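Just dropping this structure here.
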Amino acid sequence: MTGLNRRTLLSAAAAAPVVLRHARGETPIKIGMPLALTGPSGEIGQQMRHGAEFWLKEVNAAGGLLGRQVALQIEDTTGDPATCVRKAQEVVERDGCKLLFGMVLSSEALAVVPKLAEWNAIFMSSDNGDGRLTGSSFVPNFFRANISGPMETRVISLWLREGQMKKFFALGMDYAWGHNSIGVFKDEVTKAGKTFLGDVYSPIGTKDFSTYITKIRQSGADGCFLVLQGDDNAAFLSQAHEYRLSDRVQLITSIVDLNSIHAVGDAAIGLAGSTRYVATIDNPANKAFVADWQKQFNALPDVFEGEQYQACKMLQAGIEAAKSIDAEKLRPALEVATIDSIKGKIAMRACDHQAVQGGYIVKVKKQDGAKYPVPEIIATFPGDKVTPACRQMTFES
Amino acid sequence: MSLLELQGLTKRYGGIVAVNDVTMAVEEGEVRAVIGPNGAGKTSLFHLITGVVKPTVGEIHFGGHRVSAMPAFGRCQLGMSRTFQITALFPEMSARENTRLAAQARDPKRWLPLGGGGVFAEAARRGDAALERLGLTHVAERPAGLLSHGDQRLLEVAMALAQQPRLLLMDEPTQGLSVEETAQAVDVLAGLFAGGGLTVLLVEHDMEVVFRLATKMTVLHRGTVIADGDPDSVKADPVVQDAYLGGYA
Amino acid sequence: MRMLLAVALLLALLPFGLPPYAMTLLTEALIMGLFAMSLDLMVGYARLISFGHAAAYGLGAYTCGNILLHTDIPLPFAVLLAGLFSGIVAIGVAWVCTQATGVSFSMLTLAFAQLLYAVAFKWTPVTGASDGLAGIPRSPGPFGVTWFATKSGFYYLTMACLIGGFLFARALVRSPFGAVLRGIRENEAKTLSLGYNTRLYKIAVVAASYMLGGLAGALYAPFAGFANTELLFWLLSGQVLIMVIVGGTGTLVGPILGAVFFLFVQQQLSTYTDSWALFFGVIFIGFVLFAPEGILGLARRWTRAH
Amino acid sequence: MDVSAFLVTQSLNALSQAALLFFLGCGLTLIFGIMRIVNFAHGAFFMLGAYVGWSAVGLTGSFWAALLFAPILVGGFGAAFEMGLLRRLYGRDGHAFLMVTFGLTLIMGEAIRLIWGVNALQVEIPKLLSGIVFILDEPFPIYRLFLAGAGIVVAIGIWQFLERTRLGLLIRATSQNAEMVHALGTDVRLVRSAVFGIGCGLAGIGGVLAAPMVTASLGMAPNAVIDTFVIVIIGGMGSFLGSMIGAVLVAFVQVFGSYFFPDFAMSFMYLIMATILVFRPGGLLGKEA
């Protein structure tokens, strides 16, 4: 017996019980989801899992996709790119997943995307912000349903154009996302005729931000743009509050999420920034989504929960149009997919696989009766203004 | 020229003078004992000779080489082998492996990273011969850590012998042994030295051991040499009697 | 020797019976095994406990990644060159670190690895900073052979490196040099007093260990297709040390088993539960209490009993 | 801002950071001095302190109660761990301790995630300390002054404890010569348990005090343990005074380094550590290599 034959036999044997179990219909559509469930990025990973599982229940209750049930294969990557590649490879090769969600960190996504062609798998991102994924590192099997880092920054700069603030300083985490976003920000505010005073980058895992706070104060800026995440973000906001920094400088963050607000409480009041999703978006689809969500979890959906749900809907639209999950058939369908979901009408763009969508500026305010401060939408910008030129990270006009 | 020559050797630790202007020599073929009361500077002198510490002032020559600033392993390569006051062995290796590793140190190819069958064979031959001389052949395969105290002391001597040293340095060879063990060990050592061909410098404070083994003696007192000569003349020296031997003689 | 041949034969036949994902995992396990075995040279044979062995891995990975990205040197040669480079760098590292002994030695190795980590974060042209190097190719050759780039070809390359590394390491520890290392392990002062310049031997073994560790890292870069700063982080140093101890120090084979065990158990546990770290911790403590000699010791005890 | 105001406020700030590092380093070094083991789980105890502190604030409504309660609980847990597990391992080589404390780190990290969840938790600064004062016209948080003060008070307290009390004497004696203390009829095992408990309790204090500044989060442990190693190594393993000097040195270097050379903020600590070890392999005040 040749090796090949033997392998076929083995895989047939392994598949046998599954066939029996689904004797009436076909095997379920399996979507692999390598996620940082533990480790420093665990909270985002857990949100993404909630969002995906919420969608899963909904779609399976409605009869599944293409008449098949849908299943998620979730794996913990701990936020380590090496582990992430291994887990992604595993869900593809072991579990036969041809569709991928997940990958919390851009570094994880950047490590995985070069392999997508070899695996013949489609990856629908709900969270990766790095502009290069739809730019210099673009691969055909990658799609981004979420707002990217440059887009967030763009939303902020559009908002700032209308505002009174003139001089800006920026603080970012010392890695790709921080550098990229601040680069775009600098570009944007300069073009708007305002002054960019300088930037500083804190190493990941910085605990004491006092020297950075001092620098921000010394710069004499009206506003400070922040590109921080997770523990570092919480630590900075707590300490900025300690130093009463917001009395002098408007803090503008690239991403406002409920988790950070809950982590720092009243220290978040007054914070302004862009958000990828917020429960108060006013449209019928979102109202229904939020109501269902509250019924299930007794809480409001957070940023990454909403974004994941939207990514799921986008993939669903593509599959239903292509009537297949095969990458070759699904790709063209996804390239023209549009959905009308929790953030309104959103269309995938064929040229770089970035979903064109609007952006929101929120400000964190104290609300009577609520335990924590809440983000309130103060401005919205349409998708055509927010989305960069194809495969670019910069903006015209 | 003598095998080992010390000239004006002084070692100070801060304000304390451990060894003070010591000049002495060890001739080829003699068994010399350095004696002195506790704190006389015996151990410090031993450390200076073996290269564990460097002298503050003074020179050490060994076999015609100036070794005052040479590290310990370099002096070994010139032919000094030593035993420790507290037995130092490789406890998990067999007695045979202990002597083999000691003998290997004298092989110019001792560092060979691959192969090395020839190195091992030669080292084993020398090591086994040393074990034989000290009557340890019957325990050769036993882990060194499991040998009796007496045998462990002798094994250390065997390791030094396996190196075919020009000068054998022994730091209190009977330290920590029981009366019977001491007697046995001294018998073996006496037999060994009687065979001739060895040059030995030993530090010891058990006078019975010293008079049994040594052919020459150097007496230290407060870091200074107060007497030097053959055992009988040293024993008779009134200065030594006063300072150290007390009622012994 | 017969045992070794049997294992080699088994490893060589595995690609014919295993599904692709298991092959991937096995390849990574062999790479990790080589890495853990390289550390065992230091830990198990010279009692040089390194808390910074990730430095070797990261050096190998970044070097190999850069060679493959920027030159046409064939994959197998790139891997070997990167391992060699790691070993050469190690001479400098070891010269500094062996100034100290014991815990201070461990901490110096840690400091050095963390310094490299910090440098990698800033040296964008060479390391890609926080993004790392992505899209590292498996360059064809020699003679235009593309077989090494395939899944099974790469597996055999890895296997060859592991077996070659093992034979090299075993020859090393059985040589006169290895005998001196054992002396250093059991009683360094005595070894010194026998006339061995122990520091040189320690530097040499660190270099050999880094070379094999670098070889493992060099394999990892084209295996995963990327290299990033995590490969230099102290967490990896800690993990590989645990692999060595779990497997059984001073045995060469044990650490390989330890690495395979570590990777497979982590992989399986984390598929079943988010709380895999909890069970992992319990397993480690269980090993210390009930199998102090590691997996290999356990296996030997078991075979003796049966 | 003028130079003197800058220097004064940043120095005060460095002192407050030094205090946090000191709580960690001092415990680790005491444990090493007595048991000759490197406690990898030290960061996990620090993190546990922060989380227990959060719960204690929630239950009692008082930060001060948390500051009292959390270290006792964390220290008690540490002592229990020593008595239940570590005690069986004395006489074994360092590998055993490395594995056990590494395993404990994993277990504690996961247990904390299961109990308190993945989200960072906020501990509010008590009202009394939440304001700012102006030092040479520069605003400075009162809480950081409090931290610096707490560091100094605890340092003096421990020093007096080591010098004046019977247990302190035993601890010093045991770190010099455990066999002798044992021979003199003292149960060395109790001293070890006590020291391990105290060391972990100190890490717990650090955790409670750090929480209002950095929030209680799962990333605390790995970050803390490596910083702690660095300061203990710089000061000299087992040296109480050394851990103090190490903490102050590292804090000043980090604060001023990240201000003047932000690009190299991460490298400074390790550079200093490597430099000191090369010239003094035992650390600044360590006895031997």
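Order of writing sets the labels: A, B, C and D. Residues in every chain begin at 1.
Methods note: a contact is a pair of C-beta atoms (placed from the backbone, for glycine too) under 8 Å apart; a residue touches a chain by one contact, two chains touch by 3 or more.
All of these numbers come straight from a predicted model, not from anything done at the bench.
Asker: Specify the chain with the shortest distance from its C-alpha centroid to the centroid of every protein C-alpha atom present.
Answerer: When every chain is reduced to its C-alpha mean, the one closest to the whole-protein mean is C.
Asker: Between chain B and chain D, what's the gap in Å when you average each chain's C-alpha atoms?
Answerer: 49
Asker: If you average the CA atoms of chain A and of chain C, how far apart do the two points sit, in angstrom?
Answerer: About 35 Å separates the centre of chain A from that of chain C.
Asker: Need the CA-centroid distance for the pair chain B / chain C, whole Å please.
Answerer: Roughly 43 Å, centre to centre.
Asker: Could you say which residues in chain C touch two or more other chains, in rising order?
Answerer: Correct list: 121, 276-277.
Asker: Going through chain A residue by residue, note those that touch at least 2 other chains and give them in order.
Answerer: In chain A, the residues touching two or more other chains are 37-38, 203.
Asker: Which positions in chain D are in touch with at least two other chains?
Answerer: 109-110, 113, 263, 266
Asker: Report the topology of the inter-chain touch graph, choosing from line, ring, star, complete and other.
Answerer: other
Asker: Considering every pair of chains, which are in touch?
Answerer: Here the touching pairs of chains are A-C, A-D, B-C, C-D.
Asker: Could you please specify the touching residues of chain A with respect to chain D in the complex?
Answerer: 37-40, 42-43, 46, 200-203, 205-208, 210-212, 214-215, 217-218, 230-231, 234-235, 238-239, 242-244, 259-260, 262-265, 267
Asker: Which chain C residues qualify as touching chain D in the complex?
Answerer: The contact residues of chain C facing chain D are 49, 96, 99-105, 107-108, 110-112, 114-115, 117-119, 121-122, 234-235, 238, 241-242, 245-246, 249, 275-278, 280-285, 287-289, 292.
Asker: Which residues, counting only chain C, touch chain A once they are in their complex?
Answerer: My answer: residues 15-17, 19-22, 24-25, 28, 121, 129-132, 134-135, 220, 224-226, 228, 230-231, 267, 270-271, 274, 276-277.
Asker: In their shared complex, at which residues does chain A touch chain C?
Answerer: Residue list for chain A touching chain C: 3, 6-7, 10-11, 14, 37-38, 75-76, 80-82, 85-86, 89-90, 92-94, 106-107, 110-111, 114-115, 137, 174-176, 203-204.
Asker: Any idea which chain D residues touch chain A in the complex?
Answerer: Within the complex, chain D touches chain A at residues 1, 6, 9-10, 13, 17, 109-110, 113, 118-122, 124-125, 130, 132, 139-141, 143-144, 210, 212-215, 217-220, 223, 254-256, 258-259, 262-263, 265-266.
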